[in-house]
Amino acid sequence: MQKITRDQLIEKAASLLANGTVSCVLGWQKGEFDYDITPAVFETEDELKANFVWNDFCGANFSKYLVSKTKKCEGKILVFLKPCDTYSFNQLLTEHRFDREKVYAVGIPCEGMADIAKVKAIAGDGISAIDCSGEKLAVTTIYEDAPVMIDAKDVLAERCVNCKSKKHVAYDELIGEDGDVIDSARFDEVAKIEAMTPDERFAFWQNELSRCIRCNACRDICPACTCEKCVFGNPNSSLENKSPANSFEEKMFHIIRAFHVAGRCTDCGECSRVCPQHIPLHLLNRKFIKDIDSFYGEYQAGAEVGSRAPLVNYTTDDLEPGEVFERGDN
Amino acid sequence: MQRIGVFVCWCGSNIAGTVDVQAVSDALAHEPGVVFSTNYQYMCSQAGQNMIKDAVAEHKLTGIVVCSCSPRMHEATFRKTAAAAGINPYMVEIANIREQCSWVHKDMQTGTEKAIILGKAAVAKVNLNTPLTPGESPVTKRALVIGGGIAGIQTALDIADAGFPVDIVEKKPTIGGKMAQLDKTFPTLDCAACILTPKMVDVAQNDKIRIFSYSEVTDVKGFVGNFDVTIKKHARYVKEDICTGCGACTEKCPMKKVPNEFNLGMDNRSAIYIPFAQAVPKVATIDPNYCNMLKNGKCGVCSKVCAAGAIDYTQKDEFIEEKYGAIVVATGFNPISMDKFDEFAYNQSKDVITSLEFERLTNAAGPTAGKLLRPSDLKHPHTIVFVQCVGSRCDACAEKGKEYCSKICCMYTAKHAMLTRDKYPDTEVYVFYIDVRTPGKNFDEFYRRAVEEYGVHYIKGMVGKVTPEGDKLKVQASDLLANKQLHIDADLVVLAAAIEPDKSARPLATMLTASMDTNDFFTEAHPKLRPVESPTAGVFLSGACQGPKDIPETVSQAGAAASKVIGLLAKDKLTGNPCVASSNELMCNGCSTCERVCPYGAITYENKEFRMPDRTTAIRRIAVVNPAVCQGCGCCTVACPSGAMDLRGFANSQIIAEVDAICK
Amino acid sequence: MRKCSLDSMNLVFAEIAKAASLYLPVDGKDGKTAYTKWEDGLTWSNSLNTVRGPKDFFFPQTENLVEFKTSGKNIEIIDTRSASEDFVVFGVRACDVKSFDVLDRVFLKEPTDSYYASRRAHGILIAAACTRPTETCFCQTFGIDAASPAGDISIWKTETEVFWQSNTEKGAALLEKLSALTEECSTEAVDAQKEKIAATMKKLPLADLSTDAFGAGKTKQYFDAPEWKELSESCLGCGTCTFVCPTCQCYDIKDFNTGNGVIRFRCWDSCMYSDFTKMSAGQPRLTQTERFRQRFMHKLVYFPENNDGMFSCVGCGRCLAKCPISMNIVKVMKTIGGKENA
Amino acid sequence: MHNKNQYLQEELLRTSGVNPKKCMRCGKCSATCPAYDEMEYHPHQFVNMVESGDIEPLLNSKSLYRCLSCFACIDRCPRGVEPAKLVEAVRLAAIRKQGANHLKADDVPAMLDDDIPQQALVSAFRKYAK
Amino acid sequence: MQVKEYKPLIVAFCCNWCSYAGADLAGNNRLNYPADVKIIRVPCSCRVNPMFVLRAFQRGADGVILCGCHPGDCHYTSGNYYTRRRMALLFSMLDYLGIEKERTRVEWVSAAEGAKFAATMNDFAEKVAALGENKRLEDLRCKR
């Protein structure tokens, strides 16, 4: 259950629309079911009342939409930002990807979002309703008469299980209480893979990446991937391809994708969330984050606007590429 | 499609000895784009070059591959040949089949196979080469020197001597800098003023040199050859062109209790003042913090006594915009603050002084008219303790001083000790040192004379504590060689304070996009080979702003910087390296990543209107590379996430073509 | 109708695999189901459907068409095709079976796509009825009966048994081979299951979704609908919906330079991509709104227009489950089509 | 140079966290030390001797107990070497040896004096006995 | 079928100012190293895009080595510092994906270090040869 209610958010949005502070609202729109929520632009209070939702399935991060929406929208845009969204927000500002003046950011607390796949694993298929308003999720299916009660903790999305921060690093206004940066165990899985033998690692990734269908969802959802023209879609880049023809291209795509966001990735976890093939893409990004933290000192992309990302920075006594492996052997 | 000619050189037997040159030229003849392929004994000879020229004409070649020695050897030669043959010199690629093939492989088959592959890579690259034309930019034939100390003065004089106009910007009311405050100079002991003031006068009288004193640089735009600089001239409330420097105003000024910064606060001056007798420009300046007229409108004495009518209480700060072709940074140094070293009681006793203050105490124009008297009671000191390395060579984590050696302290301390003993033989002089560093012409001899002829007590060890007690300073120190702790009742303690770059250097470096090290010294373009140039083209370094230096070193570096400036200003146009980065504006995100890694500040941003896919227009921020500033390292091309940035002459597609050809 | 016990399925699979490659839905380590080549011990998944449809077996994501070898300035053209092997895809759901009707219309129409045709000739579909459809299912919207799937053979699974019925000659031939492992039986159990499934289908949240508003001749009516903009507002332009769709059939033909020659291959393309059908004059659909509209207009209007009213959506619900921003054909049908009904 | 006390040396460096190699032999620690005259080995010698492995004489020297731990040397050292921590480490190494307490309980009554604050006694115990 | 002797293919990216000159010096001094090493000249090691490294492996390279000026000596002042970070992260990632770490290397070779260049190439070629063919990052289409 989220601590902030839908009504509070609608009230806030409506008042900002009414007093002219903003001209539109980026928010979550209800879907066919209770979990398939779509990001949408709302322009009136009536629209908000009719279609705006806020529940445990509002995972979508709006930051990236600001890049295009701020160029199109006349007035200011109201955007609701969960703590993890604020990091992406700042990172985009660091890269001058949108005009801060055109955004009114309202920070909202987040208790973690639910993963519908986990819900289905418990409640089964044929979900007809999910009620997130109580202590537990009440999931009704067409096959059972009584709703299945699920503890929200048991169906938290992977990225929320390993939530790195409940603190908002950017906002104009905050609803509810701000939290703290959390000492999460998010690198444990990376460490587990690092501890494998090279053969095991190779087999692990070969198996994961072989499922890639190159739908580009990971790239297109990524708030760090905002290139005007992506190298993978640019025929002159020598990387362009519409589908992975073999395992080399699968690896190539994912190495380059992760490398391009290395030092810029805020670890929001959207890539893994949207992957239709459930490839744990965040484990590639986190590998870079973990390496950066251990080689060059802790760095959280988006923690502050204007910070110098590790790959556009250096110190004269950085470790040598060869030393990377010596450390690993210890 | 290119029409490529391949020319395989035998280099006598240097190549032909281990590479079957005929096989190489035959093999390469079948490569895509190749229309002509041949080999010859010495491709770089006149005959060889003519062969290329003839082939260009006969086969209408658009590109040339020469398989020969290292491009570091003859790339320039063959580019000239191409130009002479009427094709763009950048359509030439060299396959290095001598240094990297025939000379390192013994076997004919191996060498030939590799030579063919290297040749194929060169052909693959040329297929993608495009004609490149170096950009040209005009040069504004005027130099700016920031800082009017000995470094700036020398640089300005040398540049002016070559016939180019120079402006000096000095933030104090007079030029002269630290050297003007010194008494004698080591190791020859000539008087600083005697050798400096003639140079100051030269500057004042040189019609090529303008002095902006009491001024600061507030903005720098542009690039090498074309800097636009804004200079802020602080209001001195005296019309510079009218003031005769007679000094009547300074005598009559009723406000006489202003600490005299020239004498480091050891005496006072008036609110309207001329820093010292030989000041250049010799004009008065009103200190607005002390002048009663400026503060509360009551007084006006100076205006009344000024026969020339130079006083103008309504003067405002003035901003001057000027164009320059080159900028020399000569911002100099300052002794560090002694506040953190309370063990030496600098803030507790007037008789603990820094070496620069000691200079003023022994200077004939100083507060004591050259008599060595202690500041507290103006008595002659009989025991003087000099402490070396105060704040120099400190550990970074100690956070008190500087990590580096300040370089000049050993010598000036020896000078001070020697002069004291010379003038006042009744004085006991102790110098506490860690090491005595005297690398310089006649430096060690000088130090030995202080010990051997003048009887200065050099003690290996440090002073741990200075405690003022009555009219004495109790100095507690260790004598490491005797393994004793010494207690000396001193009359005067002189601290050899570390020196640091002037505080104005950091903001200036930002304006100039010139890089600095962690100590705020300017970084040179190459520590050994380009010591007076900043990595930012058109910015040069003179004097202690680059690192601690004594006067001879400063002057020689000043001259070196001047010669670099003259070399630049002597050109009418700057021809750039055409192999520079360029950004595809359609793909650029404007994310500033490239700007952050560019060591030259060659990348700026502009907002440009674009037609969007949905037929609307939008303003987008895009990177623009200044080809005159870019040096072509290519760092930005890899940093650029979208691949908008590419490097001419070493484009992504070209390098990939080489990779492909090699791996084929 | 024939039947066999559920326990004997491993023997049945072994028998099928003797003569052809057998692919069936298997649960992976990550809990997701995917078609996997059968080997001894692999078991048929209980889950409703695979993440990706069986489209790949007939129309793979990438497929080499022809190869060119260069030596010096000579080019040699090599047909790299090898004869397709026989294969059986087991456990295909009714919606996915129907998708081949759509694909056949595209690829088997003159000029026939010989690559696809060859695979169709060599492939056998064994279709399984859906006992537990889920909320994203809407095959009934397109007149598909999840209880009676088409295919070369239809099967029904109960708690203990599997019932078999052949629909085609190919199917009958295969079933013949399994005669030792199956026995003739009545249709009673299957009829009961069909009824139960029909009842379940009525309870599905999308049971009422109708195609009435769509079909041939609706182009003008919907093309300029203002709702497209709002629907496509949050579309990322990724290819997830097209790549999980069993009926999407667009592909691109590209050349790959291997260094020694060129491989000409085709690979799936997505109309959601900004470089889809990019030609020398550029992309005909410049904005995501246009591309978004194209995808749904194609499925709901253009395709029926050219194919006797057949919609090129089979209601499998994969795009509903997989769209990163949860925009999908159902929302489009309700919004665009809802207007007409209102 | 062969260093027979390598183990002890490493132990001292580890417990003190001091890197004696940073010392530039300026002697400011000894210059600043208020207990200098009481000492046989002075602070700079501690640093030097530990670095060269000449530790035995230090362990047996009364100098160990003359250091007041006033930390003046730490404060003044330009190189951040922290000699007092090294002295402390050597002192610990000495008193950790069996029966090597510098201050024994039996000796205390003789030292008692009305002017000695109880606190001083307790802290002396803490410092000189295990 | 005749088994061809396995020869590794090594691509060496050398910066123009130090390492390429170092390679030239190795040649001047007639210091041998395997012909399997093929050098590509780049202005600075920081010009080497991770994409080039992957491309080389795709096209059949068995090892890729980058050579640049020693840290602090970069002709462009800071290029090799960026190279150092980029390649440290890239190599670590390749290792993470189970690709043999001995196939990639960064070495600083100055213009005066002809001997070091030759020794480095000998050593690297030997280590790569010991690993055998690059199987984990190969593109079968590009095999002859």
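Think of it as A, B, C, D and E in the order they're written, each chain with its own count starting at 1.
By definition in this document, contacts are C-beta pairs under 8 Å (C-beta built on N, C-alpha and C of every residue); 3 or more make two chains touch, one makes a residue touch a chain.
Quick caveat: nothing in here was measured; it's all calculated off a predicted structure.
Trainee: Farthest chain from chain B, going by the mean of C-alpha atoms per chain?
Mentor: With centres defined by C-alpha atoms, farthest from chain B sits C.
Trainee: Could you tell me which chain lies farthest from chain D when each chain's centre is the average position of its Cα atoms?
Mentor: C
Trainee: Pick the pair with more C-beta contacts: B-D or C-E?
Mentor: B-D
Trainee: Would you kindly tell me how far, in whole Å, the mean C-alpha position of chain C lies from that of chain B?
Mentor: Roughly 69 Å, centre to centre.
Trainee: Averaging only over C-alpha atoms, locate the centres of chain D and chain E and give their separation in whole Å.
Mentor: About 53 Å separates the centre of chain D from that of chain E.
Trainee: I'd like the Å distance between the centres of chain A and chain D, where a centre is the mean of that chain's Cα atoms.
Mentor: 56
Trainee: Would you kindly tell me how far, in whole Å, the mean C-alpha position of chain E lies from that of chain A?
Mentor: Centre-to-centre distance between chain A and chain E: 37 Å.
Trainee: Quick check: what residues of chain B touch more than one other chain, meaning two or more?
Mentor: 597, 639, 652, 656, 660, 663-664
Trainee: Of all residues in chain D, which are in touch with two or more distinct other chains?
Mentor: none
Trainee: Among the residues of chain C, pick out those that touch two or more other chains and give their numbers.
Mentor: Expected reply: 256, 259-260, 274.
Trainee: Which chains are in touch, pair by pair?
Mentor: A-B, A-C, A-E, B-C, B-D, B-E, C-E
Trainee: What does chain D use to touch chain B in their complex?
Mentor: Going by the criterion above, the answer is residues 22, 24-33, 36-37, 42, 44-45, 72, 75-81.
Trainee: Could you please specify the touching residues of chain C with respect to chain B in the complex?
Mentor: Residue list for chain C touching chain B: 72-73, 257, 259-260, 274, 286-287, 289.
Trainee: Which residues, counting only chain B, touch chain D once they are in their complex?
Mentor: Per the touch definition, chain B meets chain D at residues 343, 389, 391, 393-398, 400-401, 434, 460-465, 476-480, 483, 485.
Trainee: Can you list the chain A residues touching chain B in their complex?
Mentor: Answer in residue numbers: 71-72, 94-97, 226-231, 234, 236-238, 260-261, 264, 308-309, 311-313.
Trainee: Spell out the part of chain C that touches chain A in their complex, as residue ranges.
Mentor: Chain C residues touching chain A: 30-32, 34, 48, 51-52, 61-62, 132-135, 200, 203-206, 230, 233-234, 236-240, 242-244, 252, 254, 256, 265, 267-270, 273-275, 320, 322-328, 330-331, 334.
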